[in-house]
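Below you'll find the structures, each written out as structure tokens.
Below are two complexes that have chain A in common, paired first with chain B and then with chain C.
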Partner chain A sequence: MAHQHRDASILERTRLTLDGAHKRIVVVGAVLAVAGLGASWVLGQGEGDGMRHFWFAYLLNFMFLLSLSLGALWFVPLQHLTRSEWSVVIRRIAEIVSGTIPALGLLSIPLLLNLDHVYPWTDAAHMEHSPLLAHKAVFLSPKWFIVRVAVYFTIWTALATLFRRWSLKQDESGDVAYTLRSEKLAGAALIIYGLTQTLAGMDFMMSLDPVWFSTMFGVYWFAGIVVSFFSLMLLLTLGLQRSGRLEGLVTKEHYNDYGRAMFAFVFFWAYIAFSQWMLIWYANIPEETMWFLKRQENGWSTVGYILIFCHWLIPFAGLMSRFTKRRVPLMAFWAVWILVMHWIDLFWLIMPELSPGGVPLRPVDVTLLIGMSGVFIVALGLLAGNRLLIARRDPRLVDSLNFENY
Partner chain B sequence: MANDNDTTTGRELYGYLAEFSVPGDLLDAAEKVRDAGYENWDCHTPFPLHGLDHAMGVKGTKLPLIVLVGGLAGLTLAGLMQWWMNAVDYPFMISGKPYFGVPAAVPVMFELTVLLSALTTFFGMWGLNKLPQHHHPLFNSTRFKRATADRFFISIEARDPRFHLEKTRELLESLNPDALETVED
Partner chain C sequence: MGILLTKEIDNTVHDPTRPHELITGGQTFTSVTDHICGIVERPGAPKAWWISIGITASLAAVMFAMIAYLIFTGVGVWGLNNPVGWGWAIVNFVFWVGIGHAGTLISAILFLLRQKWRTSINRFAEAMTIFAVICAGIFPGIHVGRVWVVWWLFPLPNYQAMWPNFRSPLLWDVFAVGTYATVSLLFWYTGMVPDLATLRDRATSKVRKIAYGFFALGWRGSNRHWHRYEKAYLLLAGLATPLVLSVHSVVSFDFATAQVPGWHTTIFPPYFVAGAIFSGFAMVMTCLIPARRVFNLQNFITLYHLETMAKIILATGTMVGYAYATEFFIAWYGGNPAEQFAFVNRAFGPYAWAYWTMVSCNVISPQFFWFKKIRTNPWSLLVITIFVNIGMWFERFVITVTSLSRDFLPSSWGYYQPTIVDILTFVGSFGLFFTLVLLFVRFLPMIAMAEVKTVMPQQHWENKTARPVGDYHGTNPE
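Moving on to the complex of A and B:
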């Protein structure tokens, strides 16, 4: 019979932990971190601009990794809130990714110590004398900025830790109370997440141009967060399965759902990006349009066109068919593609403020990505440890194992 | 067989109707009918049965292609409509924008794409399923009423090229249905 019910006994037939490989992951991450950050420091000095490019590139790659981490922090409570069945087999992986939040908090400290290299509002005199900025001077001051960032990371760390810890405790006792407790917290967690993620996006990226404002900016970043997070999840899941873990537990059906989310949020990203752009184009108010004008001149329009075609049209067409979504190697290609595009999207958001006169792509942008990803990988390795990679005693595990799309 | 009585008054043979009380039995039976090579046959269940498409060997639907055409038609229609109205038939300057500004046209292009896609999905589904039908021969069977409550049915139509009064009956009997009857129209 084609219809086989899969029970929890199939968990015995595959590896459920990293089996010591986490040590290798930590070492590889540490080597990448040291080499990448070291090289970046040297390359940054070589720019001869008093490390201005270095700190802009640092912000860029910090936002990239924060996107992945925050994606997981959004995903985990959402699964509890909706009492999702399909995602139970892969939820632990997302819990591990969300656990990298404190590492990102750590990475934010060097940036917080060098705000004046990046943010024009650190110049208090400039803020007070501009009629467009005077009323923002209190909000956009280094002191309050640092306080807000500290609050964001405290809240995010608390949420990520709670959901992850309860899930791990359920591995031991199998107590359904942990699931119920997670479901209870999930609604509030998502509201808090929505507010803090929006504000953090405004603080870290929108305030690069303190005059400019857009109420859609937080959602725009959110769209990028979600689409890049699902891409990362697909690659992590595939990596674990290729190395002989979770074999037979995560099936084509689950990959199909990753693909759906990627497809949906590629379009959501375009929808939000266009809405933001069109409203500003239509109203035609100078303090709003100048932000886009900067991104449509001196070579930046090329980056904009790359985004329209490669962040939206091409993956939109490529991910549309069910045929693609059910072919895992093809989806791995699109996942890498989307991650690269999210990086370029952030580049387009951040770097014009450093160099409105031209596209400033430098080796340091990439070496910082390598170095900071090294820190991210170390965090992933430590968080995964030798613990279970699947929420083994989740009450919905068997439903998840048998999940099918129709 | 005990339940061999025909419930219809009968003019022309429509086909056989086999009744099952357990969804799993229906799935097993559907696989056998599929493997026997029948084409004009169907399963009837009170609720969507996971795995039935596969068990019946149902091929992928053509609906997405129809929807694609509908969507592209909506996109084109919206673009042409706005261009013709605003830039040709009644040129009207609005806040210094071009007569035909593509960004301003995008929302309507998007909405009409969605609208025509939705309409072609809905009515395309009707067309492919030959809806609406006011009558179906299976309604002549009293037993068939339970297809909307708690029974699962396989019907094989007499117009199927492989249909054979005895052999088809033998096949269906070998599937151990709770009941087997002929349906006439």
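Moving on to the complex of A and C:
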């Protein structure tokens, strides 16, 4: 490809902030939130199960949005740790997404107040009387659960805020010291991220069946986090560019890299999912297999097959070619596809514990997604504000502008 | 001509506004070719090489003698007992396969991730991969007892209409390791073709001309050749990437599909892969640090390369630590008394010495790489990487032996000890490995010349300041 060196002057030729559009975003998000959550409350009551379905669906959609946010919290330090060049032009978008963590902390509060609708371990008598559960009755008690969740969100908020603040400060001064500081913190941040993300996954989702355990669980959720995060990034970047921002700064080379990451982690997800399933199937130990058995009976196997084909084989084939990865509209299609699949993946992880007897897809599952996404959108709008959407004075900006996939 | 310095040039100073200099000492394309080819073209190997290969080949001979003794006598010459029916053979197999992981990671995954520094080390690491897989392949082969029917491992139609058990992970191993060896060899060889052609063109004797010429496949460096070469390389990288994960995942299935406490845990596949990359990088460092000194390669394999490898060791070592921690946590969380016992027994049972050796070498020793001083000093790197490989050998020992020696029936508990045959066979496998390494550095270009030239400043003609005096070859000063 003919290569023309691009310097920072091309930043002058496009819009670099939301230019007041953030107000509209916040309003749209707020409307969605109020309408969605309100409708969900009514629909939840209509289920007539004492809001059990509502809170399961709440957990499901909470985990979906948390996945996106945690993906950003993983991505930003990783870019600093590897001193990445390609991602500089889009790193600010990820920083904004990671900033939604406190909003998710807020969204967790209603759930924490209604743990007994969802988690069987809230029943202390049940825990004490099972030989497989008694020893972890304290660990899985509402008090310690809430303490742990508070710790996770405090840590995540601190990390997200630090990286984002340093990056914003660099916009003003252009001081390379902020880059160095971020790089220094990145290693420790990723270790902390890995531990807290694993434990949070086990707490929120694995403990739905307090007997069941799998050492792979944290990695499984991680795979879903990464693949859905890159899909969201692609859509956000595209949205900004379609509305006349960051034009010419993010090129199809960067989209190509999103695509590569999506392709790689679709495969990684399948690798982890298969390993976890195969090892448990093969050893056939009752307290492990019962979890999968539940997901292979009463219509749940259909969801499993949907995951095998639509979370792995079809996007794997679809994303393989460079042709696809360099055509942004096609990639937008796959990004939406993968986000839907990640939602179904979480549905498959969470909902069988509500209804082992059949697949309980209800309107409230979707209205809650709309309502809680509304909150997420409000947070995105507030975080983006009228600030720069690109780390304008990052020392590697020019490398990122000129980045090419050979 | 480039300046050949034997003292270290510190190119590890970090400045986000400028990329690191990957090839130091003001090299030109000619000086790179001259230096790398010079090692191979030198008439008569240095005395040190002869002494080294004398030692390593003798060790290899010891190994083959031990194998012969084993085959004539039977596996009773090993320390196997009941209940430990799987001793050093499987430990050594997993150890060597793990070592073989760095090569493909460097050549495939780091290639796809555009890590330019890989060009200085990929050839060596890929060669090491192949030699390590050869060493690994020996152990399951001789472990089967009746070696003369080892071909039954393969699903070949035969007159007895007998098939291997397709549900056995040991058979999957045959496929996984077989595929890995094949693709690694192809990758290594494909990448070497342009360099073999260079050696052919420079050859002064008929024998060398024919030998290198034969393997250079008529490479003329035409545009079309390069076009196809790049395409083939990218495809091989894509194909090899899942193999980096699959081989050690399948090896981990050997253990994890069983119900033995301490073996059956779902995190094994990625945990084994991380451990393999960890040990593979450590072995690459252990070999490269002396090699760069002996062959004056400090300008090609610079301190920055060593530092970066140290960081990968730190990262993968930390992942291994994460897996240890998760295993312990779930052993408690799961509430299965047999599982809990297995882990307590590991840490405080009769093999506690092995367990703590493993933890100190694998989890603690790489933590020193948080300090830049340590990860940019070849001596400390050499020491720590050796510790890492000791630790990784012990990891496999701990997994295999502690779990087997304490099975579900306390009446059948036992203590496993290797015999001298076990020990000599393992030591001998190092002999074989290093013999192959020594032959490689003597007869093949140990740095990918064609690839290194693509990351030199001369390649980036738009960058005038980085361009050294004269043209690409240093013969025509401006």
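Here is the rule we use: the second predicted complex is superposed on the first by the 405 of 406 C-alpha atoms of A that agree within 3 Å, B and C clash if a C-alpha of one lies under 4 Å from a C-alpha of the other, contacts with A are read in each partner's own complex, and residues count from 1 in each chain.
Here is the rule we use: contacts are C-beta pairs under 8 Å (C-beta built on N, C-alpha and C of every residue); 3 or more make two chains touch, one makes a residue touch a chain.
Remember, predicted model here, so these are calculated numbers, not experimental data.
Superimposing the complexes on chain A yields a three-chain arrangement in which chain B and chain C clash.
When the two complexes are overlaid on their common chain A, residue A:246 makes contact with neither chain B nor chain C.
In the superposition on chain A, no contact is made by A:332 with either chain B or chain C. Contacts of A:200 after superposition on the shared chain: neither chain B nor chain C is touched.
In the superposition on chain A, A:136 makes contact with chain C only, while chain B stays out of contact range. When the two structures are aligned on the shared chain, A:282 is found in touch with chain B and with chain C.
In the overlay built on the shared chain, the residue A:218 is in contact with chain C alone; chain B does not reach it. In the superposed model, A:94 lies in contact with neither chain B nor chain C. Touched residues of chain A were counted for both chain B and chain C, and C has more of them. Of the two partner chains, neither chain B nor chain C is touched by A:43. Shared contact residues of chain A with chain B and chain C: 278, 282. Residues 14-17, 112, 114, 242, 245, 249, 253, 256-259, 264-270, 318, 322-323, 325-327, 330, 332-336, 370, 462 of chain C are the ones that touch chain A when the two sit in their complex. Residue ranges of chain A in contact with chain B, taken from their complex: 1-3, 274, 277-278, 281-282, 284, 404, 406. Within the complex, the chain A residues that touch chain C are 5, 83, 86, 131-133, 135-136, 139, 176, 179-180, 183, 187, 191, 194-195, 198, 202, 211, 213-219, 260, 267, 271-272, 275-276, 278-280, 282-283, 285, 287, 395-396. Partner chain A is touched in their complex by these residues of chain B: 24, 27-28, 31, 48, 50-51, 53-55, 95-97, 103-104, 106-107.
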